[in-house]
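Look for chain A in each of the two complexes below; its partner is chain B in the first and chain C in the second.
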Partner chain A sequence: MDGVRSWAGFVADNVDGVLERSLEHLTLVAGVMVAATLFSVVLGIVLMDRPVARQAALGAAGVLLTIPSLALFAVFIPLVGIGNRPAQIALFLYAILPILRNTVTGLGSVDEAVVESARGMGMGPLQQLLRVRVPLAWPVVMAGVRVSTQLVTGIAAIAVLVGGGGLGAYIQRGLTSLGNPFSIERVWTGTVFIILLALVLDLVLGLIGRRTTSPGIR
Partner chain B sequence: MTATATASDPATGGPRDRWSPRDDLGLVVTPFVLLAVLAAYLTWLGAQDLPQQAASAITGDKLLTQTREQITITALSTLGVLVIAIPLGIALTRPWGKRFAGPALAVANAGQSIPAFGLLVIALAVLGRVFGRAQDNILQNTIGEALGPGLVISVFALILFAILPILRNTMVGLQQVDPDVIEAGLGMGMTRREVLWRIELPLAVPVMLAGVRTALVINVGMATLAFLIGGGGLGVAIRSGIQLAQNVVVVTGGVLTALLALSVDWVGAVAERILRPKGL
Partner chain C sequence: MSDHQPMITLDGVEKRYSEDAPPAVERLSLDVHRGEILVLVGPSGCGKSTTLRLINRMIEPTSGRIVFDGEDVTHIDANDLRRRIGYVIQRIGLFPHQTIAENVGTVPRLLGWDRGRISERTDELLDLVGLDPSLYRDRYPKELSGGQAQRVGVARALAADPPVMLMDEPFGAVDPITRDRLQNEFLRLQEEVRKTIVFVTHDIDEAIKMGDRIAILRERSVVAQLDTPSRILAYPVDDFVDDFIGSGSTLKGLHFERVRDLELSNDYPFVRSSESRGDTRRLLADSDARFALVLDERGRPERWVDDEDLSRGDPSETVAGLGPKVIAMVEGNATLHDALEAMITSSAGQAVVVGRDGAYTGVVQIEQLTEVIRRMRAEAKAHYDRLRGRA
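What follows is the complex of A and B.
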């Protein structure tokens, strides 16, 4: 209990810093997620009718996930310098797989009869895609975006190790000052606020998902 | 939507429809491909004219020790997490455990974003004290002595890190088994236990293992952070690479870890092949 109280005290004394780091973390994650969602959905659509390329892309995205995050963050340093840049690129690469996989699955599970009727109603290929396929696949795509966001929010803690910002800074400061006053409080602050941020993002994405899902399949 | 989201859940990997002979061939070929990639990379590395610093950061001895540490961390945490999370997931889907299933799933979902970095440092702070305190405690003398306290603490942290996703996938896998099939089993006079072993678990295997494999692969990657708390492993090479600004060193640590992760994934695929019922 003492531990909790001293942690709450630490957070209360450092509200400004915590908010600032949270905002940094949020900005990092949000930017990455917007880019990764656009990229993966477009890629998923492009690969819709190309099974071989689709398998190759999914395989490649799967292999990306096996590369340790620290190494993936680090290899981009010589190209883009230290700071948030290498973190953004690495997180972007991690974010692709869940969204791409769900886009492909979602688009693939659209009933062909429905697409057929759209064609029968005189819709062109683009209209079939944008007004029938994508809206029907959308809930599955959004499920992928949510999973991806959780993953990225957690891994973004490591950004600090390559000179980036975000809540990982508290964990890092705590680690380097372990044994000194407020070190463990710092670590908890970073960890807890990352989880909280992920929960908030998940709620927001849930709402966005509901709002952007066609009323017919809600 | 729930049904589709589960069937194609990216965290669970999404089960493939059917097992084909081509997948079998893939299982046989994979280890050779991984070995070939390893051999090719090491050959390439040997032919590089590296600066003195870089070369001394990745001598054969160092890499061997780090790889061994990485494998130890990976193997112990994988074993630990499987032994804890799978029985727990089964228990939470039994009739008597079901009322805890909702809360447990909520926690497991929220836990997906827990940063491994934070967990490692917390484990160090908490367990480090335990290690430091008593001279004659078992942890210190036997386990700590054999493996090094940093490594043991890393294993604990990584077990905690992977428990939630694996618990979640075990539960999701068991929950998506058609209740009618379970009903049919009970109607045929099977006991609850028989239904679990002969119907539920086999039918849950594809979804369960797909998710478990993804979680384990991420876990191998996170094990590279063990160096932060003195646990060693290939993260040491990656860190040296960052400090020396030598990408070759970073990539070497990364490639070896990725190959290890792919091997773990392969073991998972083999397990899936063996455990998956023939009818599917």
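What follows is the complex of A and C.
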């Protein structure tokens, strides 16, 4: 109980800092997610009719996920220096797989009869894609975006190790100063606010998903 | 553009899905007349769907020409062509994420109609297929029954008022009762809209019911016989057709003839039920018939009486209540098939014919039915002999 009280006290004394770090974290994640979503959805569409390339891309995106995060973050330092940049690139690569896989699955599971009737009424390939396939695949795509966002929000804690910002800073300072006052409180602050941020993002994405999905397929 | 010019002509159209496989459609030439329902029917895999999809170029022909309303459309923009042709498939393919109104408005939207015109047209079409627009306009496909979805599919195909509709087993996925109702509704609709329709089915009974003409296809979409349903039933050109239309084809032919077109016999004397037994007995004795018909006060057939019935009791009593009731009874606009059924259920050799008001008009004899069958066969045979003679 004492621990919780002293942690609450720490947060209360550092409200400004916590909010600032949370905002940094959010900005980092949001930027990465917007880019990764656009990229993965477009890639998924391009790969829709190319089974071989599709398998290759999914395989590659899967391999990316198996690379230890710290290593992946560090790989880009020689190329782009330290700061948020290497973190963004690494998080972007992690974010791809869930979205890409869901985009491919969603587009592929659209009922063939629906596409056949779209074509039969004189819709061209682009109209079939934008008016039929993408809207029908959308809930599945959004589910991928949500999974990806959770993943990225957590891993983004490591950004601080390559010179980036975010809530990871609390965890890092806490861990490197173990035994000193407030070290444990710092670790907790970083962890709890990352979890809170992830929950809020998931809620928001859930709402966005609902609002952008036709009631006919909810 | 004359009325005699076919709406659609397939001219030596061939489709090979791959180089080494036999063609799915082999050098097919076929005319579809304006305003007719032409049914393509044949065993599974014979190429019906392929043939249909060649017409709106969902499948590109390997060779041959497709002529649409006098225009060679073999090489025009396929999407333009498809917007001029309604297309209904068995699995309907309504867009689940769009409302019924949006679904129906698809082709008008593609054609760039303005909103007001689209929504007006949508309501008109929903009405036409028997769905109340105020109830169904804003629903989603998942909220419809199979039969309702099929109606929306038809409305959607009719949206831009295309002159031609292609229908691939449109009623294949619903239960028999709903199918029957959809078929009847569709025939009524066709009376109104008079489209040129190519209709695919593998069910010969559906073909007979829906078709103005039927093309019976064998492997590779080769036409085995192309003619009106009654002529095909009366004269299958070969064993393949004979097998395909199956047993009872002669009886099915009776669906196409109506009782009112027969010369009804009036050999049976008839009396009102207030007539006396004695007078009726004399009347019967003067005729060649063994029975007389008793009508009620409004002229509706009631009972059959014979001499034995009439000999009972006092000759001055009325004939009311004597003899067996009339069971085999049909209206003038019934088909000969209905008449035959009535005869068989009542195990009588004749059926009494009445007008719409139920009043007696005459009697149809079973011999007349066999005579009609003989005549239909002879006519069909003569027709084909003439064709062969000319060839």
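One rule holds in what follows: the second predicted complex is superposed on the first by the 218 of 218 C-alpha atoms of A that agree within 3 Å, B and C clash if a C-alpha of one lies under 4 Å from a C-alpha of the other, contacts with A are read in each partner's own complex, and residues count from 1 in each chain.
FYI, a residue touches a chain if its C-beta (ideal position, glycine included) is under 8 Å from a C-beta of that chain, and two chains touch if they have at least 3 such contacts.
Please read these numbers as outputs of a predicted model, since none were measured by experiment.
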On the A-aligned overlay, A:L70 touches which partner chain: chain B = first, chain C = second, or both, or neither? first
Any idea whether chain B or chain C touches more of chain A? B
Is A:E20 in contact with chain B, with chain C, with both, or with neither (first, second, both, neither)? neither
Which of chain B and chain C A:A198 touches, first, second, both or neither: first
Identify the partner contact of A:R119: answer first if only chain B is touched, second if only chain C is, both if each is, neither if none is. second
Now for A:V187: first (chain B), second (chain C), both, or neither, which partner does it touch? first
Residues of chain A at both interfaces, chain B in one complex, chain C in the other: 217
In their shared complex, at which residues does chain B touch chain A? 1, 4-5, 7-11, 14, 109-119, 121-122, 124-125, 128, 214, 217-218, 220-225, 228-229, 234-235, 238-239, 241-242, 245, 247, 250-251, 253-254, 257-258, 261-262, 265
Show which residues of chain A lie in contact with chain C when the two form their complex. 111, 113-124, 127, 132, 135-136, 213-217
Write out the stretch or stretches of chain A touching chain B in their complex. 63, 65-72, 74-75, 77-78, 97-99, 101-102, 105-106, 109, 139-140, 143-144, 147-148, 150-151, 153-155, 157-158, 161-162, 168, 171, 174-175, 178, 183-184, 187-188, 190-191, 194-195, 197-199, 202, 217
Can you list the residues on chain C that touch chain A in the complex? 56, 58, 78-83, 87, 89, 91-99, 106-107, 110, 140-142, 153, 156
